[in-house]
Amino acid sequence: MNEFAQLMSPSAFSADTLGDTPDAAVLAAYEHWWTTQGQPVSEAVDRAGTPWLRMFDRAGTRIDEICYPPDYWSMLRKGYREGIIARVFEQQSLLPFYRIGYITAFHDPGLYCPYTVSLGTAVPLEKYGSKALKARFLSHLLRIDGTIWQGATWMTEIKGGSDLGTNVETAAREQGDHWYLNGDKYFASNLGAELAVVAARPEGAPGGVRGLALFLVPRLKENGELNYTIRRIKDKIATRSVPTGEIELRNSEAWLLGSREQGVYLILEVLNISRVANSIASVALAQRAMAEAVFFASRRKAFGKAIIDHPLLLQQFRERQHALRAAMALAGKAAKMLNEVWRQTPPYDDQYHLFRLLAHLAKYWTAEFAAQTCKWAMEVHGGLGTLTEYPVERWFREAMILSIWEGTAHRQILDGLEVMQRKHAHKLLFEQLRPLADRNTLADMEARVAQHLQQPPDEQETNAETLFADLARFTAETLRDCPAQATR
Amino acid sequence: MNEFAQLMSPSAFSADTLGDTPDAAVLAAYEHWWTTQGQPVSEAVDRAGTPWLRMFDRAGTRIDEICYPPDYWSMLRKGYREGIIARVFEQQSLLPFYRIGYITAFHDPGLYCPYTVSLGTAVPLEKYGSKALKARFLSHLLRIDGTIWQGATWMTEIKGGSDLGTNVETAAREQGDHWYLNGDKYFASNLGAELAVVAARPEGAPGGVRGLALFLVPRLKENGELNYTIRRIKDKIATRSVPTGEIELRNSEAWLLGSREQGVYLILEVLNISRVANSIASVALAQRAMAEAVFFASRRKAFGKAIIDHPLLLQQFRERQHALRAAMALAGKAAKMLNEVWRQTPPYDDQYHLFRLLAHLAKYWTAEFAAQTCKWAMEVHGGLGTLTEYPVERWFREAMILSIWEGTAHRQILDGLEVMQRKHAHKLLFEQLRPLADRNTLADMEARVAQHLQQPPDEQETNAETLFADLARFTAETLRDCPAQATR
Amino acid sequence: MNEFAQLMSPSAFSADTLGDTPDAAVLAAYEHWWTTQGQPVSEAVDRAGTPWLRMFDRAGTRIDEICYPPDYWSMLRKGYREGIIARVFEQQSLLPFYRIGYITAFHDPGLYCPYTVSLGTAVPLEKYGSKALKARFLSHLLRIDGTIWQGATWMTEIKGGSDLGTNVETAAREQGDHWYLNGDKYFASNLGAELAVVAARPEGAPGGVRGLALFLVPRLKENGELNYTIRRIKDKIATRSVPTGEIELRNSEAWLLGSREQGVYLILEVLNISRVANSIASVALAQRAMAEAVFFASRRKAFGKAIIDHPLLLQQFRERQHALRAAMALAGKAAKMLNEVWRQTPPYDDQYHLFRLLAHLAKYWTAEFAAQTCKWAMEVHGGLGTLTEYPVERWFREAMILSIWEGTAHRQILDGLEVMQRKHAHKLLFEQLRPLADRNTLADMEARVAQHLQQPPDEQETNAETLFADLARFTAETLRDCPAQATR
Amino acid sequence: MNEFAQLMSPSAFSADTLGDTPDAAVLAAYEHWWTTQGQPVSEAVDRAGTPWLRMFDRAGTRIDEICYPPDYWSMLRKGYREGIIARVFEQQSLLPFYRIGYITAFHDPGLYCPYTVSLGTAVPLEKYGSKALKARFLSHLLRIDGTIWQGATWMTEIKGGSDLGTNVETAAREQGDHWYLNGDKYFASNLGAELAVVAARPEGAPGGVRGLALFLVPRLKENGELNYTIRRIKDKIATRSVPTGEIELRNSEAWLLGSREQGVYLILEVLNISRVANSIASVALAQRAMAEAVFFASRRKAFGKAIIDHPLLLQQFRERQHALRAAMALAGKAAKMLNEVWRQTPPYDDQYHLFRLLAHLAKYWTAEFAAQTCKWAMEVHGGLGTLTEYPVERWFREAMILSIWEGTAHRQILDGLEVMQRKHAHKLLFEQLRPLADRNTLADMEARVAQHLQQPPDEQETNAETLFADLARFTAETLRDCPAQATR
């Protein structure tokens, strides 16, 4: 079944979109490692459930050690060794990060998270850190051996993640050349990281998002003690490959990144990286689920033939495969667009705003596609799909994390609407799509958007979903159908 | 928030559709019990995971005891005590079963399964069992105290559940007044039942579905020994309130129900009951997920107000609530239709075929609605939705079982197509809807179906999904919008 | 097998020693409840493992809810309803507490802990609390319905439990009529209690045990907020029926019990109650393990007969049964002795010191006996004994908790030695035993103790174990063999 | 603390007794691997609990795959790569097996089991297998790479393991050059092995042990299908590094080893190897527990000094360390004695009977010592010892498996008595000990044994325990105190 073969290889499927030079051999080797060694490790980690936290050693000293099986650490380090972070700075390009990440997420979507937050730590440090800070910390994050430091990006607190301006209660107090943070982070991913970027409000800063600043917080104090404690690791429905939990900052040593007025921009720049990573991971997961479904449907028989050969299932498969290519095109476009603007600092240019719209469209569309595809793949398996004994049950659980991480659909729609309202990002989008799209369809889409933006604000919000979904689909399909121009 | 209040009560929400007389007081008391006592039990059972099987007692005797916490058994017996089975035979009506079941499924969709398979055992026994068989077994199933026997319906084997004609390899050998079965059942729900109906092929019977017969198989042999063994309990993504597993039939004593030529009809009659139950449970679960989402969204604040008061979320909620009523109308119609035909024996009349089409539409539509609604409810919770700490994560898992149990969407579409092709069931449907529906919409729908059925068979199958989905939506919305006539 | 029958009933076995009037009917009913209802609950709770902590509700409010199955709470409340605490104050006697506790511990040794720490809270409150404190809190602890408050006794911190004088770092600051505590308690049993007694050091108090005071700390502040938080529930090898964990006291409201100089005496009085309870529980557990072993050994056959009928096993059983009666006599003596002195306040009389020696002997001897008996019972089961499928594996795990709770053997020996050195408690013991014991054996024992106490201090310690063990055995066997006089 | 240092290294501690030439470098490297890599794997495997069985692949084919994390397999293969089996045949000596095994068991007592049963398969195959059988199977067991086959020794059935003569119901039917087995094995260790030796009764053979024969049973049939199925993996209190479960033999292909009359001798020869391995593992575990206790007690402080420096604890430690050397001497003697007789075939000479007595003494004494030492080590840890967070809790659980595996104390005593009664093995023992022991003590021991054997049989059994314990202690201490001569 030739049309199925490409589905089995994430590097083959993503190559046209993300480009694979100059890393083709690296990608192939990494993919081979996953097939032969990584896969059973990932499966065992998922099956073992939430990892365990050893809070104290036998001498009663607080240590907060995250107890994964040793296999886990090998699997985790593998990506760092392949240069998933280091290549970004070597090549001054984000694309190696998304290429390697696509392969990672095909096999373990949760594992892409530590890499993403590590990059989300390294980038602002490199862009906004003082010379002294960079000298002290940056090289640790760029290693490709077992001594690498991991990063983490801790923003959200107990009252919610969307409205950071209201909900961040962590306070920062300046003293000498550094700061002390006090507060609790509620959704802190990659708890074991050696270095984190953390949102906090300097004493005396105004309320709202404008008063937030971004800080660098190492795991250990200068005197070697723990700089913060882990309250607990959370039991999540999936992504057990990344320890997510709660952090208690208590006079934790910290260093300011950038200026204290710029915090919100820096936070959004961190989010840019992870939103695109989420889109990439969503497409990879959708591909995986389809591969799983096809594998099964080619072997399972009913009424005298393989179930994939039943016309309805075959039709569903073909439509979904076509849609998968559109999702890939959209996520790839967002990645390449970010690659053009990620070095910008505020004030940003129009390309940056166009990227933001693309990122919202991509995050929204690919996550939804992944969730629906994993659901479909589970249904293809029938009753077997509901059993923890077989892999598809896991992909279904993983998908919902991707749907919620980095902002739910609701958030993407509203933020996408805002960047159209305030920065007219849709105009730039239409300009980019004009040479590729069918003229009438494009005109129709332009008119709908223009008309929508005329409505009173509440009405714009009320009716935003259909418009946004259609815009995402239109963009994705246009990019898919004219890939050559799309990649420029 | 008045528009939300009804969502919190399954009996209130379903009363218009399913009717609540003469059981209103019973329903209210049962619902109260769930709120005050049943809920934490159900939650604890889900959290404890797959129950455990004690295979041998300390003397080395095989016992196959399913080790739930005692609480579980109290919760399970509660429904029987309320007469979920007994009332069916007292009132000669299935509606009490669906009314009580709706409340059960709102709180624990998996728990509705034991009741459903118990009814699926009692009905064929009562309809097709010999006098002697009924005398011996029936009263055990109709009790309302702790001595009640549970039933179970075991059809599927390792090679798959859709194509029973090919895949049932369990063989039945006649000897004297009873039979001996040998074979393995792979998806056997309610493993602890005292009595099961089991599909098997009598020696010498033809291949295919026409050669299947239905047997009654008690848990214990006449000499008190186990009549079959449980190979294992399966780890499923949800419905931990029902032990599902594998059964090894080894010279297991059995009694034929009906004639050996009629087996396939009896099997389908059992499926009728459970397909409608699945539809009812799907609507109940969707209501529950919405109630959960509204509860949360009314308390969670962002940007200065409860998130439910944000226009986009409010819009999504209202649309979904409207759709919930359509789903209720469709599931209710299937239940009431079954209530008119369930006493029929082959050959069946046209009403029976109309019911079959309705059942396929309802199973398909409501399960999909439940899955999407639970996904939405999870997203409303944001990151909290992914944590096992809060209830919505469970509803999301439960929904996928409903989507797959009793045949996936794929199966419903194809079987629905067949009953239109072979029995013209759509014509009866359109006649029923004619007085209720918009004339033009109806005419359009009729034309599409007629045209579809002209296509070559493979093409009919290839293109069936959109047609079937539209037919389901049309039927559901028509019934919702004209409830008075719909209930006759 | 008549010699085995008594083993099956804890109330029957303990009646001679603990006396069963005036509670005989209550005890019988309670034992019946365990056999018919409590046992499967206790088994399910153990199998479910460490309970789970829900830290926040969906609104983000810290709640620290301990998630046991509802069954657990019924089982727990059963003992309170039988008056395990209330009867102590009604009858002004500890014996009802030990009688009911014996039955509890026979079925679930861990469950006896909540009752013990509840009594350990009520007693100092009643003895040392101000009128206002008692008016406010005491009646809550004495209820026999579902509104009862539980108590807890939290002393130990991370650096260890034996040397409280050095290791208690929790500080108490006085303000107005109450105090504020700050510190972490590391082994805090019965985390869900509504009221705890807590060891802390008032600001300005001297170091060492003399500087400790005992405080009453409710779960909720006067304003209804949590008065402290639970850091986590610990995974223990056994006693899963009591949630043990870590408590974070942060400006927690507290009330001083007694004077600030008396703390160490109050702490030791609390320990008196629980050390005797531990002895009672150890005997009960040993009885249970023997009952389990005999049940099995009477049914299991090898070489043509029940294994209990093999001479070596029968001999082991008989010796152990004889030893069980000695252990019962010793634990019962400690209970009755405490019952005579528990109302004393410092300075204490000689009877109190005699009690202390008896308590150390009983705690040491019975815990060791329980551990060895559970090991033996496991070996009687052979390979089956190592399986979690059968009960004996649990008794083996439970025993080790009893061996360590309330001070290991090491601690009992040294503290027992001290009370002989400083208070000459052995002389009182020998006076009590003189009318009962063999004259020569007694003389020999007296001489050995006298000689031992002549040695230099380090040498006394080095050689203490054999002496202490022999003294315990001598006391236990003497009391067993002359029960009439022993009970006075 | 010099007296503690040797405790930390199993190779150092065992070297004097087991000899370490010519493998010293191998042993050192293997020990280093454990310290740096193996330890966290072993800990993770224990924490993950009982492994999981995947019974069917997605195509519905029975596969019975044991789902350990991949780490587990690396850890397991490590010992094979070091030649734990292969060196036995290369060097024609069992000592490499016991030397490497001692290091294994120090770190993971359960892991020594797969090696032991692999050797227990290879030895009878090599000794009693036909030329054709050996050509076909033996080399697979002797590899030192990842393609090695594991062995397994399955004797016990549901009714019990001591009285195989009565309880083995597995039947063997001869057909052509091989046999077919039918029956269920209840305690089958190392379920994933490629080859097993299995006790069964040929059709027509007499009852009792004399009718048993030993068969070689591969995991796969000649046609590549599974030759038997795994019913389940058992949940045990410890040794989670070896999958133990139940095997269903259904017309399983098998080959007879030796003659059909000799089976019982072959079974006992297999037991010889594993009884000594159990003794070696017991000493290793005791050493480990002591190392753990000393590590802790050197760091934990109370009353102003490390708790190991408190006289009573220090005394306990020294006595126990002295006893550990005696246990090592006894286990080592059994190993060396077996090394002299393991090539014998029936009829055996006196040396063989002396070995049997030594094996019973060693199995009995070392297992008891390990259990008591692990209990003591747990108590040294106080409350921390009861937490699953720290290692000592595991050693305590592991010890009870060693106490029961290969026959409980009861079994060793009775079988030891029998070999004294029937083969006068004690006389040979005394002759060996005469040059080493104190003359009076030896004479006293001889007289006691002689006198004991004069008693009526039932009385001998009734009173056997003290005698046997004293004989074991006397032998162990004599061997310890004269190591030079003891090793000859």
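Read from first to last, the chains carry the letters A, B, C and D; within each, the first residue is number 1.
Just so it is clear, a contact is a pair of C-beta atoms (placed from the backbone, for glycine too) under 8 Å apart; a residue touches a chain by one contact, two chains touch by 3 or more.
Source: prediction; values computed, not measured.
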{"item": "Angle of the C-alpha superposing rotation, chain A to chain B, to the nearest 5 degrees", "value": "180"}
{"item": "Interface with more contacting C-beta pairs, comparing C-D to B-C", "value": "C-D"}
{"item": "Separation of mean Cα positions, chain D and chain C [Å, integer]", "value": "38"}
{"item": "Mean-CA-position distance for chain C and chain B (Å)", "value": "51"}
{"item": "Touching two or more other chains - residue numbers and ranges from chain B", "value": "55-56, 159-160, 300, 389"}
{"item": "Category of the chain touch graph - line, ring, star, complete, other", "value": "complete"}
{"item": "Contact footprint of chain D on chain B as seen in their complex", "value": "55-56, 60, 158-160, 231-232"}
{"item": "Complex interface listing, chain A residues touching chain D", "value": "37, 40-41, 44-45, 47-48, 52, 54-56, 58-59, 67-71, 295-296, 299-300, 381, 384, 389-390"}
{"item": "Interfacial residue positions of chain D with respect to chain C in the complex", "value": "156, 159-163, 166-167, 187, 234-238, 300-304, 310-316, 371, 375, 378-380, 382-383, 385-389, 393, 396-397, 400-401, 403-405, 408-410, 413-414, 458-459, 461-465"}
